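Each structure below appears as structure tokens.
One chain, subunit A, links the two complexes that follow: it is found with subunit B in the first and with subunit C in the second.
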Partner chain A sequence: MAKTAKTGERSNPGQHDGFLGYRNFRWAWRAGALCVIAIAAYFLMDAEPRPNGGSVFGYAAGTIAALLVLWLTLLGLRKRAITSGDWSLKAWVSAHVYLGLAVMVVATLHSGFQFGWNVHTLAYGLMVVVVVSGLFGITVYAILPRYLSRNRGETTQKQMLETLKALDRQINDAAQPLSEAQARVVQMSLDDSRVGGHLWRRLSGGHGGCGNRRALSRLSGLRRQATDVQVQMLDRIEELLQRKAAALAQVRRHLQIRAWLSVWLAVHVPTTIALIAAITAHVFSVFIYW
Partner chain B sequence: MEGVHRIAILGSGPAGLSAAAHAAARGVSHILLEKSDHLSDTIFRYQRGKHIMATPSQLVVRADVSFEPGKRETILDTWSNEAAKHKVNVRYHAEVKSITGTRGNFSIALSDGSVVRAETIVLAIGTQGNPNLMSCEGGGLAHVQYQLDDPAEYVDEHICVVGGGDAGIENALGLIADRAQGNTVTLVNRGADFARAKEANAKALLAAQEAGHITLLTTAETTLIEPGWITVDTPEGATRFQCDRVIARLGSAPPRKFVESIGLEFTSAAREAFPKLSPTFESTVPGIYVIGALAGYPLIKHCINQGYDVVEYIGGAVDLKPADEPILEARLKGLPGNRSVAQWLEFLRQEIEILRGLSPLQMREFLLDSDVRAFQSGDVVFKRNSVGSSLFGIASGSVEVEVGAGKKRMTVPIPTGSIVGEVGLISGRPRGATVRAAEPTILLEIPRIAALRLMASVKEARDTVNRITTERQLLQMFGSGLTPADLTDVLETAEIRQVKTGEAIIREGEDGYDIFVVRSGSMVVEKEIGGKPVFLSYLPAGSYVGEMALVDGGRRSATVQAAIRSEVVRLDGDRFRALLKRKPELEEKLRADMADRRKVNGYIEEQKGKFGDVVDMYSAVADFLVDQGIGEATDVLLIDETLCIGCDNCEKACADVHDGLSRLDREAGRTYAHLHVPTSCRHCEHPYCMTDCPPNAIHRGPDGEVFIDETCIGCGNCQRNCPYDVIRMDSRPPKKPDLISWLLFGVGPGPGEPDKAWRAKNKTKGAEPPKVAIKCDMCIGKAGGPACVRACPTGAAIRVSPEEFLTVKRMNRGD
Partner chain C sequence: MTLVLRQVTRRVSGAEIVREKVLPTDVARIGRGADCEIRLPDLAVSLHHATLTLTGPGQVSVVSAGREPFGVDGRFVTRTDIDVSRAPRLTFGDHILTLSPGDGGRILINLATAEPAEGDSASGVPAGGVIPKARIFGRRRIAWTLGLGIVALCLLWPLAAFYGHLKARIDPDQQWSTGPLSSAHAFLEDDCQSCHQEAFVAVTDASCKTCHAGDQTPAMMAAAATSVRRAGSPDTLSFVRDHAPRGRILWGAPPPAGITGQATAWVRRTFNLPEQRCASCHVEHVANPVAGRPPEPIPTLTPTQTCIQCHTGLTHRLKDTDLADAPSWARHPNFRPTLPGPAGLTRVSLDSRPREASGLTFPHDLHLSPGGGPARMAQTLGGRGYGAALTCANCHRPDADQTGFAPVQMERDCASCHALSFATPGGVRQLPHGEPGQVVAALMAWQGRGPVAGGAAARRRPGEAGAAGPGVGGSPSGASAVNTVGGAFGPRGACFDCHTIFRTPTIRFIPVRLPGDFLSRGAFDHSVREHRVDRQGQPSCAQCHAAATSGSATDLLLPSVSECVECHGQTTAQSPTPAPENCETCHSFHAPSHPTPRPPRPNFGTPPRRVAAVQTTP
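Our next item is the complex of A and B:
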């Protein structure tokens, strides 16, 4: 495929198009053509007694689909080995997306719509999972980046975390003169306002029982029993806690979007490895036991 | 009083020490005067463990002190041992107050009141100057220091930093960087704000104050220092607080004043000028010699050789071949003419107009930087659109410049003595025309830095280059069969003007019909539509503006202002009109250009009527990019954040292509309308980083890339000079295991820049690799082009040049 770069395939640093629309949907057209040819051949080459993987068309389609799967897997290597050659990862991703979708069509035709409880259908099922997770990936790639950009503005992730640390320090300093009961409330914010955490928490962005939020909600209660001087200090604390709430919201949203942008890979990649294993079993069993 | 020494040497740096060592080795009576209590104070003040490099690498050291690249400590130890071995007569704590007398009988008054007498004097005092001292009572106490080697050394101390310049702020921030050290730091500043410091430093300082990590006393003056305490006068009254250590960073007095006070003349009043010197380093005061950085040679190797040479000259040597003679001989070998090095120097100086103001010594230095090349008739000197910023002087023969293209192509001859290539030098843009040798020709190729230094120090050279540049730029820009003779009238009143960023040269609605030519920098054209200024177009160096009012009459139709500090040539409108009358072809060309510009303006106005928001967005994005310094960029990395998934593959690829160090920070930088300008080199037309590079290690490559070569000595000047913070100082990390072993077995840190922990664990024992300056080189020489763009999976990263990007074509994209 795009391994040895031709002139047209060169990375053009100034070319401004996304991976989906790369060079006027070049790979969409090519993948589409592959599908059309495969469908036409399926109907033209009338296999007896019914379309199946063992016919001439079946072997051809199966070989093409298997080779495509192997090539598509190579993207994982390609994106990490940048140094030599003059190919562009955008072109690879574009081809990966459209040829990956085409695999679905070619492999389905290869099956001749024969499904059962066996290793062959297992391979098919895994492929469907891979393609569907990939489709999900394309969707989040198309939608989420602008939200990521909007949420972070010009702040880097490192700066967001540093802001939190700085606020914690200021809250800690401001809380020193408070009474023990008051300080305990402020301590909630310092002790228990985590960001990140396990996958589900990151994906949902919800941090139920966030210490900062609890501290804020208790603040008005504290104020009722406080002296005038303490009220002033609590006002300062409240301002800091509000700022921390905003900072927490930003960084949690940031991590949430990033989690959605990568969570599908946790399905896509392991399933691909399972798929390759299943394809290997499928091919071996076909040649040895059929 | 002691006897009269044959030579007194002021300053014990590499130059002075080498001179003293050679005098000692030759048995000449001498004295080495050093103001501090150790040798070589400038290098002594380098950070502990700093690696010192030896450049230029081809230069051999000929002296009685040795010099190999290595650690600061090793080098200082070697020099101390060698000074002792040669029995150099050093006098420490000898600060010179004044020098009187003449050759054979100089009196050197020291600050302790004693007088040293000598027949000749060698000034090797460098350019660092003396740090300004605390003048208040107690300023001489032992706990008052004027430098800070290693902030990590001080623990649990009350420290007072005096001085709100960069040095003071950086020291103060260093002392509080690690809170675990427990230092209580106060910074005393005489002014109300920190205007002298870099904005980033001032901001960091104020942030530290807000966080309560440091106390700032502004509009404050130290009045008394006592052991353990300091008293500072503030607007609220005097305050006395605990202080175990005072670090005073009050700047330094440049040595020029002192040098002039003993009667030496400088080549010019310019800040970068050096003392006037003869080929034997003798100044305008007979008997006083100047060597080293003060003479204009900041590199250690040069200094050491000059120390040897100057003692030889004082001893009466006349045919001493400088240590760089073999380099020049090799460089001039094989050229026609069969001249000696001295003859070549004289020949070039006589023949090439702009070099006539140089002294033989300057000429020698100049030739070390430059290259003499012979061309046969028809050989290409450089091609149109190639990148190059060197200047060529024609020593013999002549060249032809090919102007225009196709049928209109013609050649312009340029005779002996003149120069070519000056447009690239001034504007930093690609070459505007192809130049060939018209006959067997000898050219002197002068690199940009050397040419700029020449223009800065020799007025005649500057005027000549400016005159020729303007004339050629006009000829090339207007074409139309103009000849230099046609332009004489216009050029007579042409005026070169510096324009500050944002300053307008033409205002919409005003009267006037002068023509402006952008010589360097760039301009933006804006027009007020519906009460808002709308961005119309971008004018890079080498374009002209103002023709509409001139040709059609009427008022100015748009405002033209500088996108970045620029230089324009103003041509008088009346004289230019007279020229148009004489040359109808020129008027035709102007009208054709004008029609194009009108079309763009008309299109934008029409769009504005229909889709106001689109135009506003286009205009706002253009303004944002110009604010981000795109106006002086030649190639800049942009990230379309509607596509960026934040995978940082661009940074990883950058690190993997460049020895494991990334030259780009994707997340940092400004963003507008999802268009992000990351912290990454813009390859400026006139790179700030190039302005002060002692080994001249920063160059422009064949595709316009500004890169740093391996001769970098790690001084950090470029990092400080870059206004975009895109240069970092770092050492090369250890080599990583290959990708497959990481992928399959988890060996090594994986793609991208290895983290600090892995680097520390895997570094080779003993050898600390030197820290050098690192910046984007646009993946120079890599077939695929910039790795950041190639490695972007979604197409978010693009590299653009401003003239391509800032056009109306963008408007149709609708983003």
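Our next item is the complex of A and C:
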């Protein structure tokens, strides 16, 4: 029984359950039941000459799968309005996840395992891409957030970037007395220590040509030819570059995790729209060439 | 002349702050070093990068201190002499020095920092603590592109082709195909509209019959066969006939049974998918029901009903049908041969012990008796196609396809013994058969010149017709010999032997009507070995046809269905020659009077079997 929360307090603190385990996996059970019924019907209703989308079961499964896809798509609208209770957004997301997995089963049975180079299999393939990307999304949502907060510690992204800028300023100031060759090395760190960038760089977290790393690796060479005064300055610079390297690694790791957390949506959402278009073509073509 | 350094910085609000400093000498060092007069805090600039020297009124020279160049109006040089009045622009790293003449011969050196491009950061660290999203994350644009692309390519393009707005070489509507066609129809793969002729209307029988109608004229069928061959069909075109008019099949079929059946019927009604069409049973776009196998030679056959389902209680659903119910093989109705009756040809059940009315007088027992006259004649003939005694095959000859028998012909099958020739002084004469008027004329011409052979006692030897005279041995055939026209048609006369003749007052024959096929709705295949000979290889006609004991031509020598049951539907334990009890063995769906043809090429283009009685005499 949910305790009524007072202002500023959580209801049922300590009983937080995520969208996956919502209400003892209520939607997992329901979606599982749907799959079991669909599989049983598939084997009980003998479709001639072979299981196909045009049998009674085929039409029933196809209709259910298509309606489910439309309902699942509505999460895009629903998530922008947060409510509570049985129709809370959490319940909705829970249902979205498990019914989304059930769609895979129902639509596969609908196909009767008949595949070919046609618009029908295109729709099926897109559905598989959507479901698999969703599955991937659930996985990263389940795993990555703890790494995100562990990496971030108590800082925010804005603070991380401010730290970088501050370090850059300090490096710039500290490098002013340096000779031309030494300054050029420090300049690498200032010019080429990029964060962000294109998708693959973010996902891999690797910045192969990172200016800061190159600057650090060349510092020891510079130190050999430097005067005592310069060596002192270079020591100071190296310390700053090392700090910058740590700060860069943190920001890049942060962006990497965030990229993994959202990259699946770049597949999931557009493919869903493509899927709805393909389902439209699929249904329309079946009926026009009835 | 003095050099004045003007340092310009920009406030956040956009306003400029200008700090002026008069340089002490005419020589100014430019560089990052603290001892430089013009100090540029830029790591891209050397500690002492260049020296600017005032060389004359409005003239300066700038010379690199080392090998590092600097920019002058976009060019990189290590040394330059410049006219200040042209307002030259010197660049050192990110810093810009703009020279301009000032009041009182002063030379102003404006120092500014190059503005970074919008959104770009000199250090690589994004400004404002916000990192822009990677460009690929433009989900909305990808979604629109994919969605509209699929609608255009998979829906609108094929639709335009369907409505004939495109004359494309490739067939965009082929992507709508749900699966490959059978190999017989594979040549239609790129021509969807050969079958799907109307949008949202299930493939009609008319589409199928465009090529396959078996009730067309032979010329039309030949034209259809040529046309599909030209279109690339690899096979012989099959022609089929309707089982019954579609309306009667719809009424005759039992209502759907069970939840699945009712659901199917509901779905079909709701989605306008009529039943009992050709395509209801002949399913296309399956290729082969077993995945991975090559396509079937013809569309996959998926009967919507079994024979038993429709033919059980059919008489209740189709009140006017002349068919009897056949709820199972065990309860198959007895044969109902087609016999001439008062109201023309009618089907009469063997259960009512019908009589044959061929109009002939023919005792089978006499002919088949090993000790009878016909047997003795056959023995005499020996070696001319006859054996020790007459057998069935002596008179009954198989038809062209060996499945049945050709109608008995007097001249071919009887005349060896029952010859109508006779000797006259002018030579051997032949009475015409089947032409009573001409027989009378011939006899009138020869009346009184010799007797006309007649009666069993006076029969000639077969094969020696008339050689010895108008009777056996050339002598009058005894006291009963008939020399007149009346005699020939009268008792013991040549005609009276086989025909029923009335002489009141004129000579009148009972017409001879020999049935083509007694069983008009099924087919018994006499060519099947088990139907033809017994286990010793001897003809087994007598097993079904009780000819040896039949003394009258009105005996209907057909076996009842119980004769078939001795083999059909029996197990190996029950019968030495077990056979299937499938309806198709004797009845084909598309031509019930034919057995079902063996796959893969059904062809009912041949005319249906002859069921009308053959009238041989008027």
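Heads up, the rule we're going with is that the second predicted complex is superposed on the first by the 268 of 290 C-alpha atoms of A that agree within 3 Å, B and C clash if a C-alpha of one lies under 4 Å from a C-alpha of the other, contacts with A are read in each partner's own complex, and residues count from 1 in each chain.
The rule is simple: a residue touches a chain if its C-beta (ideal position, glycine included) is under 8 Å from a C-beta of that chain, and two chains touch if they have at least 3 such contacts.
Values in this document were obtained by computation on a predicted structure and should not be read as measured data.
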* Asked: If you count the residues of subunit A that each partner touches, which comes out higher, subunit B or subunit C?
  -> C
* If you stack the two complexes on chain A, which partner ends up touching A:L77: first (subunit B), second (subunit C), both, or neither? -> first
* Could you tell me if A:T227 is touching subunit B, subunit C, both of them or neither one (first, second, both, neither)? => neither
* To do: State whether A:L144 touches subunit B only (first), subunit C only (second), both chains, or neither.
  => first
* Name the contact category of A:N24: first (subunit B only), second (subunit C only), both, or neither. => neither
* To do: Examine A:G153 and indicate which partner it touches, taking first as subunit B and second as subunit C; both and neither are also allowed.
  => first
* Asked: Once the two structures are fitted together, what part of subunit A is touched by subunit B and by subunit C alike?
  -> 157-158
* Any idea which subunit A residues touch subunit C in the complex? -> 45, 48-50, 52-54, 56, 59, 113-114, 116-120, 122, 157-159, 161-162, 164-165, 168, 172, 175-180, 183-184, 186-187, 190-199, 202, 211, 255, 259, 262-263, 265-266, 269-274, 276-278, 280-281, 284-290
* Structure fact -> Note: in the complex, subunit A contacts subunit B through residues 5, 10-11, 13-19, 22, 77, 79-83, 85-90, 92-93, 141, 144-146, 148-150, 152-154, 156-158, 166, 169-170, 173, 258, 261
* Structure fact -> Note: in the complex, subunit C contacts subunit A through residues 32-34, 41, 43-44, 46-47, 66, 68, 122-126, 129-132, 134-137, 139, 142-151, 154-155, 158-159, 162, 173-180, 192, 196, 199-203, 260, 263-264, 267, 271-273, 283, 286, 289-291, 300-302
* Asked: How about subunit B: which of its residues touch subunit A in the complex?
  -> 211-212, 640-646, 649, 652-653, 656-657, 667-671, 674, 676, 739, 743, 750-751, 782-787, 789-796, 798-801, 804, 813
